[in-house]
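Two complexes come next, and they have one chain in common, subunit A, joined by subunit B in the first and subunit C in the second.
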Partner chain A sequence: MHHSKALAALALTTALTAGGAAGAAEIQLMRFFGDCQNEYGNVNDASQANGECGIITALVNQFNATNEGGHTVVVQTADWGAYYDLLTATYQTGNIPDVAVMHASVLPDFVARDLVTPLGSLFQEAGIDTADFVPAALQNASANGEVYALPFDLHALLFHINMDLMQQAGFVNEDGTVRLPTSPEEFIQMGKEFEEKTGQNYFATESQANEGMMVRFFNSLMWQQGVDVISPDGTTASINSPEGLKAATFIKQIYDEGLADPNLDALGADQAFLSGQAGIELIGTWMVDNFNAQAAGGQVALKNYAVANVPNLFGQDAVWADSHMWVVPKDEGRSPEEQEAAVAFLKFLNDNNFQWSRTGHLSVRQSVIDSPEFAALPHRSSYANTAQIARSLPQTQNQRAIYNAMISDITATWLAGAEPQAALDSAQSQVERILRRSNRGG
Partner chain B sequence: MNATRSGWALWGDRLLLAITVLVAILWFLPVLWVVTMSLKPNSELMRSTWGFIPYPFTLQNYADLVRLATVPRWLTNSLIVAVGMTILVLVVSSLAGYAFARLQFPFKRTIFVLMIAGLMIPEQAVFLPLHQMFADWGIHNTHAALMLPRVAVPIGVFLMMQFFRAVPRELEEAAELDHASRFTIFWKIMLPLSVPALTTLGLFTFIHAWNDFLWPLVSATNANMYTVTVGLASIQGNFAQTQGLGSIMASAVFASLPIVLLFLIFQRFIVAGVAMSAGK
Partner chain C sequence: MTAAARPATRSPRGRSRSRGWLTALLFLAPFLAVYLVLLVYPLFLGIWISFRDWDLMAGDYGPVGLLNYQDLWTDPVFWRSTRNTLYFALLTVPSMTIIAMLLALAVQGPGRIRAICRSVFFLSSVFSVTVVTLVWQMVLAPDRGLIAPIVQFLGFTPVNYLGSTTWAMPAIVVTTLWWGVGLPMALFLAALGSIPKELYEAAELDHASRWSVFWRITLPSIRHTVILVIVLQIVAQFQIFGQPFLMTQGGPANSTRSLVQYIYETSFRDWLVGYGAAMAMVLFGMMLVFSMLQLWLGRQGDDR
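Then we have the complex of A and B:
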């Protein structure tokens, strides 16, 4: 008797489960950020996870556990460096993901080739409010008046600061805030003074032509002078303009005056900053929580850590930024149910944008930036304004190629002693060639 | 006089030995550094990468790798592809090499020139058409797609041809007198003689297949079909070079182990193979 009751209960449960899963879809998600299943594979609450990999893993787990449609996100990770080659290859090999992460700087390449799904009307139906996106994020996610991506963050350059060294140099105001330069001349003069008083470098950043942190700084300085590195219509560049020369000369001077070590790679710059050998490190939002944890851990020379927007040195507030975004790659084989499930997942990510902002990246939602939870996160109030001053290149194709060309030439000014004007002329020529090719549809 | 000369020779040998040891140490230091970093915590490496002593010590970087459910699958894929490709390359190269070395057939010279011209075409030049072709056939994300593009190896055919040419014709002529067929001669006489060359070619093919990254990256786009090189790269976080250096180094050591073992077991053949391909 008991046996037959148990069987009946099992049959009922199976029927109910099957009924609940009707319309449930499997969402293939392709992303970088790494694999941390070992640490976060069982964490279903994103608030309990940390770091990019941990938070996105927990967000996916949370969606899988709680979404009402019974959808399941299946994650495929890929190497950051080779990610776009792999994603592009899927259009040929057939396993096109339903949702994929994408940098704003790469989106134009996919939009121009009609490889991503327009999302404006789908967002409206799903209740994703694009008006809540900060202007830079919405611009990054849009092309030709249409929204093609869900912006997830703005990751911008910041000044990471060792306050103890600043105190020693006398650059801390009475209210405890740091005093930063307001012009290139003041930057050099303060840098010299800092080095005299502390015996350490004023500035540190990746300087070895790998990641091009100083090219991002160069772009920021161009925007601070009111000049677009690439024209809004993507047809011309202003790299070798008088403003470009001012920016490049200033950057070269930082190294020539010995204010920064030109031999540092990305890890070297982080180590110099953590070990108290540099007052300021120029790197992005993504390092905030790591530096904060290292300073609190007490095992490094950096004890008193602060963050600030990249200061206005040339007249206008502006700083380079890129965005992580989510797109729905076009796939003729995708069913309407699968597409609906993909958008439901995007809505979930958008609803939980605050969790992602715990990585250190800036939220793209004004409502999150204005929230007390966001303000309560370490150092966020010091650079929340970056969301308003963030700038990106216009929606032009081949931005990675443009960036690499600029890295090669501009880095040569401090690594190989190239004259700024000659380096800028060379970069200008290469970038114009890339723009011509892009505008021909190549 | 002789004693002086032998004294100089002795000192010369010692100097040569000292230089060899020094060069070997210099070569080994980066490897030791990689192993040391793989045994340190990531947070420690962010502070400092100096030193050859793994202190503070951790096996966490390796534990993270072996606990990943997908790693055995990726290792299996790499093994299938490397072994499969090695067998196919040996079959094709030995048959073609023998044909070029010993057989007469129409357009032999033209075909040989075409084959040798293959040495001058970089892999990247045929990458897109090859990828398109495999897409048209619908065989991406299969083991076959990972092996087939590398089966026709001009250098392998050339190596085997040179080896077969060096075998005295009298051996084959004796077999012909016993009415052995051409294939019997190839199979029972020439192939056993070519074991050193086959071993060398096989080892180089296996190493190349195991280490390959670019083609598997764009052909095996399904995570279940990743090889170990693509798979291990896929688990790295975006800032692994600064925040996950220990994990990267552990991945490097882990992926290299089979090749290192292979080298230790077959190093005699590898050295002979380098000498053979340089001398012929």
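Then we have the complex of A and C:
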């Protein structure tokens, strides 16, 4: 009896001291980017991984295997469409993750309600140099003079190009670069010419109102005309302005003239591009690595892959961009060890920012952008200045609601034959209501 | 004496009556507790929240009067969702009732094949909405689906049903019918089984046709079940959410966004619980009106 009690006490002390001495903690990481445990579950070296899912999975494995504090990161993956609803729910259930991924466009919602931990002083202690972040990224991660997130990338829209089809259409310059339109009229006219000569679609993008790639394009075209979709103070919208009408009419024309297939969903658009059925795919930086690998692999019709910035069609260079960031959700129950582990993990991610930029995303660290290894990545020189022309909505709340309202109305112009002006008026009235409510006008 | 005796005679009766009350209350308590906590309290809380600017993550920002209801009036997506929901219910409720009844008539009675058919038709109700929508997305896929080769064989080009503003809703209706027909069929089977056999025997003696047997005996006998099924279907189908949310996300161009989906998005994506609660009240009112109308119409016949 005494014996077993003593044993138990001994076991307890050992357990306590072992845990306390190392200061090791197990922390929860919540993210999207997909689940690829099958393929990358055993990869401990991020440089051996490819794609968003592969690289982040390998980064976590690498951290778990090598970090000096003996910390363990446990990953909870959520489907992209349900991610924020699930993250929101954790605040109610109490099972709040220690680190979570978040878009720059969503951060204002969480900052305004005091739901994320301020990180400025913690970064300083850990040796994360915020001065190394490019200005746009640092601004995205900050609010009221405080840093609330570790910026991880800047992701923008790009034109992904099938050079063989462009050659066939006669759109390749003597220096081997692709000739892209410089105005909406030229876009349509080149598109028709392209389709005559190649028999394929000039343009392909997700058009089924799920991801709203064309809304990002619409926003880009607005900035190209020098108009902000949302005013800097986040109180008014200019969606149904004359500039908006120009952009929406042009987008509808792309479909009306048969230059793009309106039936393509996200997967379908990628498939059409890879199988040589489209000259240009409009999608983000995150596909560069993937398309490059597929074109090199020789299994698909796409052989000669190139990439370019979204061209200037309306006067100014500008393109939609957002940013993936890491936050530490506020949690009263988090122990100092867990917080320390979370910051150590953020430091590790920041140190390995280059690995993440291999996906095709733009690095947010000036030192990485200036490094020779970054310049040596495939196709990077074709969109080296994207960070300079990248634009995003002002830091207003409820950008997801704004985005979804615009998706429904703008896609209706080609999916349901809605008139551009009517669609924009409808989007405008909804976005105005959302903005009024975000500013707590009811 | 008499005045003093009166309370004496009354009190035991009073005590027994109050004891009866207590016993009744005791038996009712479990149900009442669940009913009050899970139904009555949330209903009134919902009504109260619908008059406030209530944020999911930050809590109550205070009263806003009728603003949530005013915003509804000018919100095109709300009207679109309401129209979609009504359209969906209009397509689903009558067809579900008729198909369930036909199936029940076909598979009632003895015989092994009928028994197997009964289980088969009921089986689809067992699946979760995730499984059902996944299966039907595969069936409906324009390039590799089950329907595409048939359409091609008939000489037409396959349609992207879920990507078309015209066909997306009917596709969701078909999915729902396939999924939900089991329960109303079971209700009809139970009702058909309880019709006295003598009626049919009498009809047989009179050489009544099968049509008039159905019209004059079967249908009048299961009238109350028909009404029950219709009311249950109205209540269920007005709350359509999972199928469009998983199959089309409410698209294309809002053509399948249902009221419950919009309530969900407003409350849990945009965190505007007050506004979402106001929509929920409208949905509640609609379901109440249609169910009452149906019950009233059903009772009309009983007075005759």
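Here is the rule we go by: the second predicted complex is superposed on the first by the 419 of 442 C-alpha atoms of A that agree within 3 Å, B and C clash if a C-alpha of one lies under 4 Å from a C-alpha of the other, contacts with A are read in each partner's own complex, and residues count from 1 in each chain.
To be clear about the criterion, a residue touches a chain if its C-beta (ideal position, glycine included) is under 8 Å from a C-beta of that chain, and two chains touch if they have at least 3 such contacts.
Given the structure is predicted, the values throughout are model-derived calculations rather than measurements.
**Q** Determine, for the superposed arrangement built on subunit A, whether subunit B and subunit C clash or fit.
**A** These partners clash in the superposed model.
**Q** May I ask you to decide whether A:299 touches subunit B, subunit C, both, or neither, giving the answer as first, second, both or neither?
**A** Once the two structures are laid over each other on A, A:299 reaches subunit B alone.
**Q** Touching A:263 in the superposition: subunit B (first), subunit C (second), both, neither?
**A** So A:263 only meets subunit C here.
**Q** Would you sort A:274 into first (subunit B), second (subunit C), both or neither based on which partner it touches?
**A** first
**Q** Taking the superposition on A as described, I'd like to know which of subunit B and subunit C A:85 touches: first, second, both or neither.
**A** A:85: touches subunit B and subunit C.
**Q** For A:197, is the partner it touches subunit B (first), subunit C (second), both, or none of the two (neither)?
**A** In the superposition, A:197 touches no partner, neither subunit B nor subunit C.
**Q** For A:408 in the superposed arrangement: first (subunit B), second (subunit C), both or neither?
**A** A:408 contacts subunit C only, not subunit B.
**Q** For A:433 in the superposed arrangement: first (subunit B), second (subunit C), both or neither?
**A** second
**Q** Of the stretches 63-71, 117-125, 153-161 or 279-287, which one of subunit C hits subunit B?
**A** Among 63-71, 117-125, 153-161 or 279-287, only one stretch of subunit C overlaps subunit B, namely 117-125.
**Q** In the superposed view, which residues of subunit A touch subunit B and also subunit C?
**A** Dual-contact residues (subunit A): 81, 85, 88.
**Q** Along subunit C, where are the residues that touch subunit A in the complex?
**A** So the residues of subunit C in touch with subunit A come to 53, 55-58, 61, 64, 67-68, 71, 74-77, 142, 160, 163, 165, 249-255, 257, 265, 268-272, 275.
**Q** Sort out for me which residues of subunit A touch subunit C in the complex.
**A** 81, 84-85, 88, 91, 109, 112-113, 115, 208-210, 263, 265, 398, 400-401, 404-405, 408-409, 411-412, 415-416, 418, 426, 429-430, 433-434, 437, 440, 442
**Q** In the complex of these two chains, what residues of subunit B are touching subunit A?
**A** 43, 46-49, 64, 67-69, 131-132, 135, 138, 140-141, 217-219, 221-223, 230, 233-245
**Q** Can you tell me which positions in subunit A touch subunit B when the two form their complex?
**A** 32-38, 51-53, 76-82, 85-86, 88-90, 92-95, 266-267, 270-271, 274-275, 286-287, 290, 294, 297, 299-300
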